[in-house]
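Presented below are the structures under discussion, each in the form of structure tokens.
Both complexes below contain chain A, partnered by chain B and then by chain C.
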Partner chain A sequence: MNFLVIAANTYREGIRKKTLIGFLIVALLVIGSSTFLTVFSPGEELKMIKDVCLTAVSIFGMMIAIFTSGSMVPTEVENKTIYTVLSKPLRRFEYLLGKFIGIQFILIVNLVLMSALFLVILYTRERIVSTILLKSIFLTYFELMILSAFTFAVSIVSSSAVLPIICGAFIYIVGHLVEYLKGLSDHAVEQGHTMLAELIKLLYLVLPDLSNFNLRNQLIHLQPNDPRIGITMWTLILYALANVAVGILITYALFRRKEV
Partner chain B sequence: MATAITVSRRRTNAIRFLIPLVVLLFIVARLQMRLDYLSSAYSFYGWVLARVTETKFLKPVVTTPKEVTDESAFFDEVNRSLDTKAGMFGKTFSELSETQQWHMVLVEMKLPTRARFETLARQGKLALPMGAIEWTEETIGGHLGSLILGFRTAVADLLWLKVDGYWHQGRMEMMLPIMYSVVRLDPHFIDAWAIGAWHLAYNAPVTVNTMEDKRAFIDKAVVFLQDGIKRNPHHYQLYFELGFNIYYVKLEDYKNAAYYIEQACRYQHPKVVDRMLLHAYEKGGEYEKALDGWRRYLADIDPASLVAPRFILQLQAEIAQRDGREDEAFRLWQELYNRFPGTNDQADIEITKIKARRAEAAGKYDEAIALWQSLIDKVYPTVYDEAQANIARLNVLKMRGGAQTGKG
Partner chain C sequence: MYTTFLGTQQLLALDSVNLSVEKGEIFGFLGPNGAGKTTAVKIFLGLIFPTSGEVRILGQHVTSPRVKRKIGYLPEGSYFPDFLRGEEVLEFYGHLYGLRGSDLQQRITATLELVGLQEARKTLVKYYSKGMRQRIGLAQALLSDPDILILDEPTTGLDPIARREMRDILINLKVERGKTLFLCSHELLEVELMCDRVAILDRGKIVKSGRLDELVYSERDVEIVVQGVSRELENHLRSENIMVSEAGRGKVRIEVQREKGLFSVLRTLERHSAELISMSPRKESLEDIFLQAVRGSGAKKPETTESGATGDTQ
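Up next, the complex of A and B:
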């Protein structure tokens, strides 16, 4: 159970970081001020609030996920605390798992705080707590979980926090553009390049496609009984967990033989 | 020897990582394929619903001869298959619940239907509702969804603010294209469809001069709303907008108004929709239907309604008047006027008109003229021309001393 100790420490250390607190304050300000935006669009207040708040939760959640996952291990290497920790009877996998779980705690706490304010604002207007909104935020978390797993993998091979943070941003952008590979594969088939088409399709299938999670934004405007919600949500959660497992496995493979 | 052992150990380690990695990537690929399938199925579901809605519940703006296209042939085939499957429940596909429809589409979405649907969609041969499937749209707007990292709805909101800004500046030419982009980015933005159609039907025609151009904008509003309905077939509001704002108010086509408001009533809706449907029946001359409707409204929907008893009485009077039972009509109009004072101009008008006709029949032209004049004095715009004409006619009769009866 050593990884839980590491996770608790990671959480304590991460939650005190000024940059994270800064992100959180700005996010809360944006969410809080979403009600003012409705002045410009009478009649669509609720839709505007939902869209702005959900976008803010996603964007700031993404920044928090990239920042925490990308900086956690490089900072320990820089401060040399990692040497002390790894010299203890602790397996490297436990260390990694603990770090990753700690990062998830930080992410969850930040998402919960942002979502709580969002829900309070909506409650003051609608007088109901929307379960479909909670589902949407739940999906946002799983998207960010994939992002943090792959950013974490990059951070293992980096000695400074800058590279993984930049890479994290690229992973997010590229993750949303992966679906273009599908069109590219079809195009290659039309051109007669069967082998190339298969290769592109393989890449499309194995790379994390974050655009699948766009459902989170559509969800809040669908009817609660929209038939696709249940079935697609479960598949998306499994998809996220499988991708996270890939990310952690790659992280371990890189970290296992790393000389620290 | 030591080097060989190291190389062998590295290989073993590599295999130990590669095997679970390949297994995990295989699982990821399978799940991605499942998500693709669900995404395609949902697009197919949207297309089927849009086509079913179009063929069963929408009336085309311009009637063109039916020709067999790849899409219509494919739809007929799919529709037949879905109706056969729905036959197990003793219903047609369009009569099933949303969840049943979705599950039926999932069953239908097996190969080769899926392959054919995707091929036709890619070839641009399917009239897909705006914003339905990104990869089938050739415009920049269609691909914008991916480029903005999934924040389509938020971008649609910001563009909508822009539409509002242009509207207040009176820049219709800038506003309309952005309005189309908004609904393409967020096809479930009901208010954008509704307000967009209102702009097209009411504000855009002001910018052109000829009647043809004005009518073209109204037709665009109808098509725009029909697109919105195809994308949101289970929402009452767009049917209601089409029926009430366009056909009832703008075009005064009460038959079509009643038809589309009836469609709105098939889904969860506020009481005002029921009331407007009954008004559309009344305006369209379907008094009995309206009367039955108001009775049902009072019994089932809003027993505390203050307006329903008034409209019931009014419709009874209108039916009596239409059937030539003038005494009964007069009694009913008077009852209406006395029971609901100050709320029923029509009762006052009809009572006065009947009195005027009776005075004229009795040869009391001055009294009849005074009664028609009283309607003008009370500033009832709907009866102004009729009153003027009758006064003129009665003056002629008075001068001739003739005994012709007046027209009511």
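Up next, the complex of A and C:
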């Protein structure tokens, strides 16, 4: 059960990191100030609050996810702390699993704090707790979990946190545009750029589709097309868990014989 | 053998390193910077993997958690999670050994007392001095009461007092607790004061090894100090290619190789009525031996040959 020791220590490291505390404070300030922003859209105050808060939760959640997942292992390698840890009776898989679980604890705590403030603000306005909002936040966690798994995998081959953080941001951005990639690939074929078309198609096939985890349209604009018809919440959870499993397996394959 | 990311370059870091460490001894692993000492230690701990060869500790492969339970490791520089307090560092490492509750707390207190950090147990590690970091490093290595301690440059960067205290702790671990210590260092004086056996590594190869007392006391050379040597006798000895030098107060030091007529020299001295003051095997410093071994090794780095390390600790 040594992975739980690593997880607890990773969590402790995360909540004491000044950068992460900074992200959280800014996120809470943005969410908290959303009520004052309603002056810019009279008549649509609730929409404005929901829009700002959902965006803040998603963006700051993404930043916390890629920063923690991308920096944990490179920092330990850079500080050489990893030598004392891996020389203890601990298997490399336990180390990785512990790190990943610790990162999830950090994500969940940050997400809960941001969402709690969001819910309190909405409750003071609407006097109800929206189940679709809870569902949206729940799915946001699974979206961040996928992002965190792949950023974590990249961090194993990197000697600094910069590369995994850039890759994490790329996965987040392109992961939300995956649906457009197919059309873009077809368009490239029509234009005669076959190599480019193949590359875009490869990205379409490889990158996780994160757009379905976003219930923005349903929540803000009351349009029941989020997620797309035929995709249930359970489908999305299974999709996320499958992606995370792939991410962890890639991470282990890269780390199993890595020279630290 | 290290291979770069794109496989364009290869570096032979260690070449046919064979050594075994006996139970209850302090073994010194010496070498200049870049000789491959830390690489070898990382292989011993399963942090990196040799392209050929194997390491067995207590008869088992080093990657086994069962073996790792019996090893304490102090890395060079001693880096620890600096967001933790001294006692939290030890709690974390203790948990990795499966230690819990009052047993763990008792061990933490005893280990902190042993390394002299009891008063700083609640201080964040980031506020520790270099000496304190080395001590907390030693504490985490000792926490599980391991049979074997692998220490990478344990006294580097310490002031003379801290160095002396660290040395006393390490010698006591061997003498009073019967621990086996593998000391990786280029601090020759420390090694000379502590170690039973040494191996000198240069450019990835072991260029000299053996018992320290056998290495520093030359088997071949004898130093004779005599009094009442005439100028004529001195010239006669020099003409025989024997080293003669002034030793002060009318005494003369004569260095002679045993196999090259020690008894003949003694008879000559007797004939000339020289008074024998002392006769002893000539002692070299570890520094002399180290410099001779490193300068004389001429070890080269072949680019493509197979590399590996074989180590054994009992």
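Simple rule for what comes next: the second predicted complex is superposed on the first by the 220 of 260 C-alpha atoms of A that agree within 3 Å, B and C clash if a C-alpha of one lies under 4 Å from a C-alpha of the other, contacts with A are read in each partner's own complex, and residues count from 1 in each chain.
Throughout what follows, a residue touches a chain if its C-beta (ideal position, glycine included) is under 8 Å from a C-beta of that chain, and two chains touch if they have at least 3 such contacts.
Just so you know, these numbers come straight off a predicted model, no measurement behind them.
Enquirer: Considering only touches as defined above, state whether A:Ser87 meets chain B (first), chain C (second), both or neither.
Expert: Second partner only.
Enquirer: Just chain B (first), just chain C (second), both, or neither: which does A:Ile250 touch?
Expert: So A:Ile250 only meets chain B here.
Enquirer: Check the contacts made with chain A and report whether chain B or chain C touches more of its residues.
Expert: More residues of chain A are touched by B.
Enquirer: Once the shared chain is lined up, is A:Leu238 touching chain B (first), chain C (second), both, or neither of them?
Expert: Once the two structures are laid over each other on A, A:Leu238 reaches chain B alone.
Enquirer: After lining up the shared chain so the two structures overlap, which partner does A:Leu133 touch, if you call chain B first and chain C second: first, second, both or neither?
Expert: neither
Enquirer: May I ask you to decide whether A:Leu28 touches chain B, chain C, both, or neither, giving the answer as first, second, both or neither?
Expert: After superposing on A, A:Leu28 lies clear of both chain B and chain C.
Enquirer: By the touch definition at the top of the document, which applies to A:Asn79: first (chain B), second (chain C), both, or neither?
Expert: second
Enquirer: Of the residues on chain A, which ones does chain B touch that chain C also touches?
Expert: none
Enquirer: Which stretch or stretches of chain B touch chain A in the complex?
Expert: Residues 13, 17, 20-21, 24-25, 27-29, 31-36, 38-39, 41-42, 45, 98-99, 101-103, 122, 135, 145-147, 149-154, 156-157, 160-161, 164, 186, 188-189, 191, 195, 234.
Enquirer: Please name which positions on chain C make contact with chain A in the complex.
Expert: For chain C paired with chain A, touching residues are 42, 45-49, 65-66, 68-69, 71, 73, 75, 77, 79-84, 92-93, 95-98, 137, 140.
Enquirer: For chain A, which residues count as touching chain C in their complex?
Expert: Residues in contact with chain C: 2, 5, 9, 12-13, 16-17, 79-81, 83-91, 257, 259-260.
Enquirer: Considering only the defined contacts, which chain A positions touch chain B in the complex?
Expert: 40-41, 43-44, 47-48, 51-52, 54-55, 58-59, 172-173, 176-177, 179-180, 182-183, 186, 202, 204-206, 208-214, 216-218, 220-223, 225-228, 231-232, 235-236, 238-239, 242-243, 245-246, 249-250, 252-253, 256
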